[in-house]
C-alpha cells in the first residue's frame, strides 16, 4: 500500500488485450471501479502478483459509456462489471453472468452517473412513521 | 490428538454438570466497564449553546439553538460515537455506561416532534475538477 | 357347468357380435351389456357355488374327447395365427417363430402321444377360481365400460392411429374368455390353450397403435410369453410321459405334492413368472405401457399377469416346504425389492404403476413360493386388492392423462383442487396400494408373520422378511410423493379442465367403492372365498391347517382407522375451520403470492418444486441389471433344484 | 383384553401429551445445560403450545388442517394400540399413516421449503421403516406374538437376545426424535437450511397440533423402548428406558447434521447389520 | 395472563444492518444471555414468529421483504426495531439507497437505541414488547368472542 | 412442467443471519445452478463521502460492517493517512494491530459458531459463542463498545490502554486460548463434521487464483497470499507466517481459520509484549488528504482494498471499498455448482460471507 503503485493510463481498446496479458503473466484481478468526471468516466482496475499491484485507468466517454467485458478472461470480473453497470450505467458487452442492471437494484438508478450529488426521496426524521393499526 | 467423539461428550457433560455461563440479565446486572458506551447524557447547567457538539455530530443527532437556549438530542439517531463528549469544552455532555431504556412509539414521536430533529443537510457538492494529469 | 360354459363361450359370441356390429353405437351397446352379463354371470357363479369345496365337472366321454380335439386344433390355430403375425419381422428375430414352432412341437408330441393321459373332469370350481372369476368379471366389466368412451376419445386425440375398435373390443372379450378358461379348467393342455390365447391377445393389444415402438414392445411381450409357453408345454410333455405321475389333470398334480410333481411345478413356475412379469422377464410389462390405458388396466389388474400368479398360487401346495419354493419366493423377493426401488425413479405415472404392479406380483410370488396357509391367504387377498386398486389407478391415470395431456406425475400438481373427484379416486387407489388400514397392508402384515415361520432353510424366512421390510420402504416413498403432488395447492389459479365423461366417472367411482368395500369386507372375503379354499387344501393334507391368530381388537382398531379415513373429511366438510390464508413462505421474497419471487437477476421468478426421483441415489439401469442377474441365477437354481 | 388395558389406553389419550410435553421440556432443559445455558422452564413446551392456541392460524390451503387432523388421529390410534396391549406391527403401520399425513399437510402448501421438508421426511421414513419393522418381528421371534401384552409378559432375557435390534432401534430413534445427526426434515432447535422444513407453512393451531402429535409420538417411542425392558418390571424398565431416551439428547449435542443420503444408507446398514443379523443368529442364543 | 408472554418466538431480519446489531441479537441466544430462559426461540420463520426484530434501515429491496414477512406473521404480533439504523437510518440516513427507519414500512412497537444495541438493551426491548403483545392478545381474544 | 425445483434461498433465512440471496435450481437435492444476488444490504455508503467530511467518514467506514468493524476503520484511517502523508506514532500502530487481531479472533469465533449452526451442531455453536463473549468483553473494556470500537481515528487512536490492563489481557487471552483449543480439536476430529466438510465445495488452486479468491479461501487452496505481508501496521516487526492449507475443500477453509485464531492469539501476545510507549496520535492540523491511492489490508475474510481520490477539500472526492467477500463471490458460485442443498449453507459459510461488507 503506497503511492508507489501508480495508475497506468491505457486506452479503452487496449483493455482486453492488457487483461489477457496480465492473465498470462499470472496476475490476479483485485478490483475494478469507476469514477465520474464532468466530461467522462474513469475506470480503474488493479491486478496483483506477489504483493505488487498493477493499476490501470481508462477513460470512457459519457455519451456512450461502454466497457468491453473481461469476464471471459477473469471470471471474477463479472461482479465488478455488473456493479459498474448498475452504479455508472455502463454497457458491458460480453458479460459472462449478466444481471441486466439488477445487480444492486438501487432506489436511485445509476447513482454515480450524473453529477456527484444525488437527490433523495423522502427524508427520514421528519417523515411520518407507518400507521400502527392499533393506535 | 483427541479421541473424536469423546471430547465433545466430555465437554457437554461437563457443561451440564456445572453452573451455566448465563448472566441472568434483568435479574442480576453486572457492573459496566468504565469505557462502556451506554447513552449520551446532558447537563444543561454548564452548556453555553455554542453548537460545537451539534456540528461535530456525524448524524446530526444534536440540535442546539443559541437564541432559544435549547439543546436537544434525538437518541434514535445517535450512534454513540462519543464525538460530542470529546468535543464539548464545557464538559456538559457525558457518556452514561448504561444503555438507554427501550422506547415506545410515543417516545420516538416526542423526540421527533418536540426536539425537531433537523432534516439531513443537503450533500456537499464535490467539485468535479478535471483530473490534473500531473498530480500523483 | 352351464355357468362355466356360459362364462367361456358367451364372451366368444360377444366378441363375434362386436366384431361384426354394423354401427359404432350398437357395438358400444354390445360391449356394455355383454360385459355386464359377464359380471352378473360371475356373481351368479359365486353365489351358486358359495363356500363349496372344489367341485369338478365331467362332460362325459364323447364330449371330453371332443374337448381334447378342440384344444388341440385350437392350439394349432393359435400357433398358426401367431406365425402369421410374425410375417413381417426381421431376420434377427428368428427366435420368435422358432419359439412358436418349439412349443407347437412339444404340445403335439404330448397330444399325439399314444396313450396320453385322459382328462376325466376337465372343469372345476373352487372358491379361489370364484374369486378370480369375480375379479375378471366385475373389474373386466368396469374396464370395458370405461374403455368404450376412452377409445372414442383416444382416436379423436390420435388420428394417426388406425381405428380398429371392433377388433379391439372383440379381442378384449376373447381375452376375458381365455381368462375364465384359465381359472376354471382342470385340463392342463386346455389351460395351455387358454394361456396361449392370452399371449396372442396381449400381443395384439400392445401393438394396437401400430407405431414402431408399440410393435417392438408387442414382440418383446410375445417373446417372453412364448418362452413361458415353452416351459409350460415342457411341463405337459413331462406329465405325459412320466410314469410316476402321468396325468393331465391339474388337481392331481397338485394333490400329488411330492417330488414327482415338483419338476412340472417348477417348469410351470417359469411360465407363471413370465406371465406375471417377474424379474428376468419383467420388461414386457413395462413395454405394454404403450397400449391404450384400458389395455394396461386389463393386463395389470384383472387378466394376464393375474393368470401368472394364479397358476403359481394354485401350485403353492407343491412348492410348500421345498427349496424350489424358497427359490421361487426369492425370485419374487428380488423382483419386489428391485422394482420397488426402481419405481422411485419414475416420473411417468404409468411406469410407476407398472413397476408397482410387478413389485406386488413379486410379493404374491413370494407368498406362493412359501405356500403356507397364511401366505395363501395373503396372496389371495393381495390378488384381490391389487386387482381392484390397480384397475382404479390405471383408469384414473388414463382420465387424468386426457385432462392434463401428460402422464408425468409432475403435471398432476394440485389435482385435488382442479378435479377433486378424480383426485379422490386416485388417492383411494394409492391408499389401497400401500397404506394401513387398507387391503395391501393387511396382506403384508400376514406375510411378515408367515415368512417368519418359514423353516425350509435356516434364515430363509428372515431373508424373505428382510426383503419385504426393505422393499416396503421405497413403496412408501414413491406413493407418498405422488399423493403429495396431487394434494399440492396450485400456486396460481389453474386453468379450467374438461369434465370427466359420465361413463368413466361411473367406472372410477365403482372401483373406488370396490376398493373401499374390499377393505371393509375383507373378513367376509376371507370367510367366503379364502377359508374354504385353504381349508380344503388343509383337509387334503397339502398345507398345514389355517390358524386364526388375529386378535379381535385388531379388527376393531382397523375399523376405527378406516372409519377415521372416512369421517375426518366429512367432519372437515361439515365444520371447516375458518382460518385466514396467506402466501407460502419464500424467504420473504414473495412477489405474486406463493407463485413467484424476486429472483437474483431482479426479475420475477416462478417457484417450482419437483418431486424427488433419487436418480443419483438409485440407478434404474444398475438395479435392473442386478435384479435380472439375481433372478436369472435363482431361476436356474430353481429348475436344477427341482430336477435333483 | 381386560379393563386394565382400557385404562392404560385412556390414560394414554389423556396423559400422553402431558408426559410428552414434559419429556420435551426436560429435553430442552438438558440441551440448554449441555450448552452451558440456563435454558427454559420445564413447562416451556406447554407454554408454547398454549400460546399457539392463542395465536391466529394462517394457512396456505385449508386442506392442510384436515391432513393434520388425520396425522394426529392416527398418531393417537398408534398409541392406543400399544397401550391396549395390542399389535405392535399394527401400531407401527398406524404411525406410518400418521407420518404420511404430516407429509401431505406439508406437501399441500406447495411452498418449496415445506415440500423439500416433506420429501426429506419421506426419505427418512424410507430410511427408518425397515429397522422399525424389524423390531416387532424380533419380538415375534422371541415371544411368538406381536401383542404388546405378550411381549411384556416375556422373559427378562429378551433384551439380551434382541440386543442388536435394540441398538438398531436406538439408532433410528435418533431419526424419529428429529435429533442431530438426523434432524434433516425439520428442526426443533437449531437452524436448518430448510427453515422449519415440514412445518414451515403451519402456524397457530395447526402448529400446535403438530407439536401435540409429536408429544404423543415421543410417548409411543418411549413405550417401544420400554418394551425391550418390560419383563424386568416397571421399576427397572422405566428408568432404563428414560435414561436411554435422554441419551439421545447427548447424541443430539455431539453430532453435526448429516445429509439424507448418508442417513438412508447408514440406517439401512444398521438395519442389516444389527437388525437382520440379530434375527438370523437368534436361534443360536 | 397471556401465554404469549411466556413463549415469544422471534423472527430476525437484517434489513441493511451492518451486522453489528445482528450479532448482538444472536449473542442474546447464546449462553451468556440465553433468552431461551424466557421461552424465546429464534424461529427464523415468519409463520411461527410472534415478534419481528429488525436490525438496520430499509432500502429498496429489504422494504418489500419486510412487508412480506410482516404480512406472513400471524396476529397478535409485535415489531422491535434494533439499533440506530433501524430507528432512523442512523449514520446511513443520507445514503442514496436508504429509506430510513423501518417505521416507514411497518409499524414499530419498541425502539431499542444504540449503535450497536447491546444485548441487555435488546432483552429490555423484548420485555417491553411482551407488554404490547399481552395487550393485543387480550384484544384478540375479545374479538374472537364477539365474532 | 417442473423439471427442476427452484427455491429462493434467502433473503430471510435462519441459517444465514444476513440477507444473502441465492436462486437455487435443484434436481432432487443437487444444486444445478446457484445464482447469488446482492442488493438487500446495499446502502450506497461510498457516496456518503459527500455528506461526511473525511474525519467523520471513519465512523461510516467502521460501520460498513459490525464484524470486521475495527479493521475497516483502521484501513480507512491508514489510507487517508497515506494520502496526507502522516506518520502514526508507534504505540498507536501497535494498539491498532492488537485490536485488529482481537477483531480477527472475534470474527473467526463468530464464524465458528455460525458454521457449526449451519450443519446443526448446536452445542458447538453455543460453546464457541461462549468463548467469543470473553473476547467481546476485552473489546468492551478497552474500546467501550462490544462490536463497534470507535477507537481509530485519522492520525492515531482515540483511546490508550494502560500497560497494566494490557498485561492482564495478555494473561487472559492465554486462558481463552486454552478453552478455544479444546473446541478447535473437537471441530477438527469430529467425524460428522468431517463428513460434512471434507471434499465438499472444492476450489482448486488454479481456480482460486483465476477467480480471484482472497483470504482464508485462497489460503485453503494453497495460495500463500496474506495481506498482512503487504507491510502495514506492526506486522513486519512481528513474528508470524501465513497459514496455508492445500486441500481446497470446506474443511481446509475451516482449518485455516481455526489455525489463524491461534496465530492471532500469538500476535496479540507479541503486540502486548513489544508495546512501545509514547503518543497515541499525531496532530492533523492544517493537513488535508490530497491525491489518489489504493490501500490494501488483510481482513478476517481476506484482502480489502480502499481506493480514494481527494483534492485537498474537506470531503473525499471518491471513496471506494472492495471487500474480501465481494472478491469471493465468484469462487462461491464455482463451489456451489453440483453440491447438495444441505451443503449450500455449509459451503456458503465456508467462505464466511459478510453481506454488509459485500454490498456496502
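As written, the chain order gives the labels A, B, C, D, E and F, with residue 1 at the start of each chain.
Here, a residue touches a chain if its C-beta (ideal position, glycine included) is under 8 Å from a C-beta of that chain, and two chains touch if they have at least 3 such contacts.
A quick map from chain label to UniProt name: A = NADH-quinone oxidoreductase subunit C; B = 4Fe-4S binding protein; C = Proton-conducting transporter membrane subunit; D = Complex I subunit 1 family protein; E = NADH-quinone oxidoreductase subunit B family protein; F = Nickel-dependent hydrogenase large subunit.
Just so it is clear, the model here is predicted, and its values are computed rather than measured.
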Key: Path length in steps (a step moves to a chain that is touched) from chain A to chain D   = 2
Ask   = When every step has to jump to a touching chain, what is the lowest number of steps that links chain B to chain E?
value = 1
Ask   = From the centre of chain A, which chain's CA centre is farthest?
value = C
Note = By C-beta contact count, A-F versus E-F, the higher one is E-F
Reference chain B; chain at largest CA-centroid distance = C
Remark   = Comparing each chain's Cα average against the average over all protein Cα atoms, the nearest is chain D
Interchain centroid distance [CA atoms averaged], chain A/chain E, Å = 35
Ask   = When the centre of a chain is set as the mean of its C-alpha atoms, what distance in Å lies between chain C and chain F?
value = 65
Task = Go ahead and note the Å separation of the Cα centroids belonging to chain B and chain C.
result = 77
Query = If you average the Cα atoms of chain A and of chain C to get two centres, how far apart are those centres in Å?
reply = 67
Inquiry  = Show the residues in chain C shared as contacts by 2 or more other chains, in ascending order.
reply    = 413, 580, 582-583, 585-589, 598, 600-602, 607, 609, 612, 617
Inquiry  = By the touch rule stated above, which residues of chain D touch at least two different other chains?
reply    = 32, 34-39, 56-58, 112-113, 115-116, 189, 191, 195, 200-201, 204, 253-254, 261
Ask   = For chain F, what residues touch not just one other chain but two or more?
value = 5-9, 11-15, 29, 35, 37, 39, 42, 44, 47, 50-51, 59-60, 63, 123-127, 130, 133, 145, 148, 190, 291-292, 317
Note = Per the touch rule, the chain E residues reaching chain B in their complex are 31-34, 37, 80, 84, 87-91, 93-94, 101, 103, 107-115, 117-121, 123-125, 127-128
Query = Which of the residues in chain C come into contact with chain E in the complex?
reply = 580, 582-583, 585-586, 588-590, 598
Parts of chain C lying in touch with chain A, wherever the complex brings them together = 600-603
Ask   = Which chain F residues qualify as touching chain A in the complex?
value = 35, 37-39, 42, 44, 47, 50, 78-79, 82, 209-212, 225, 229-232, 291-297, 303, 305, 307, 309, 317-318, 320, 322, 326-327, 329-331, 333, 359
Key: Complex contacts: residues of chain B adjacent to chain D   = 5, 8-9, 12-13, 15-16, 18, 20-22, 24
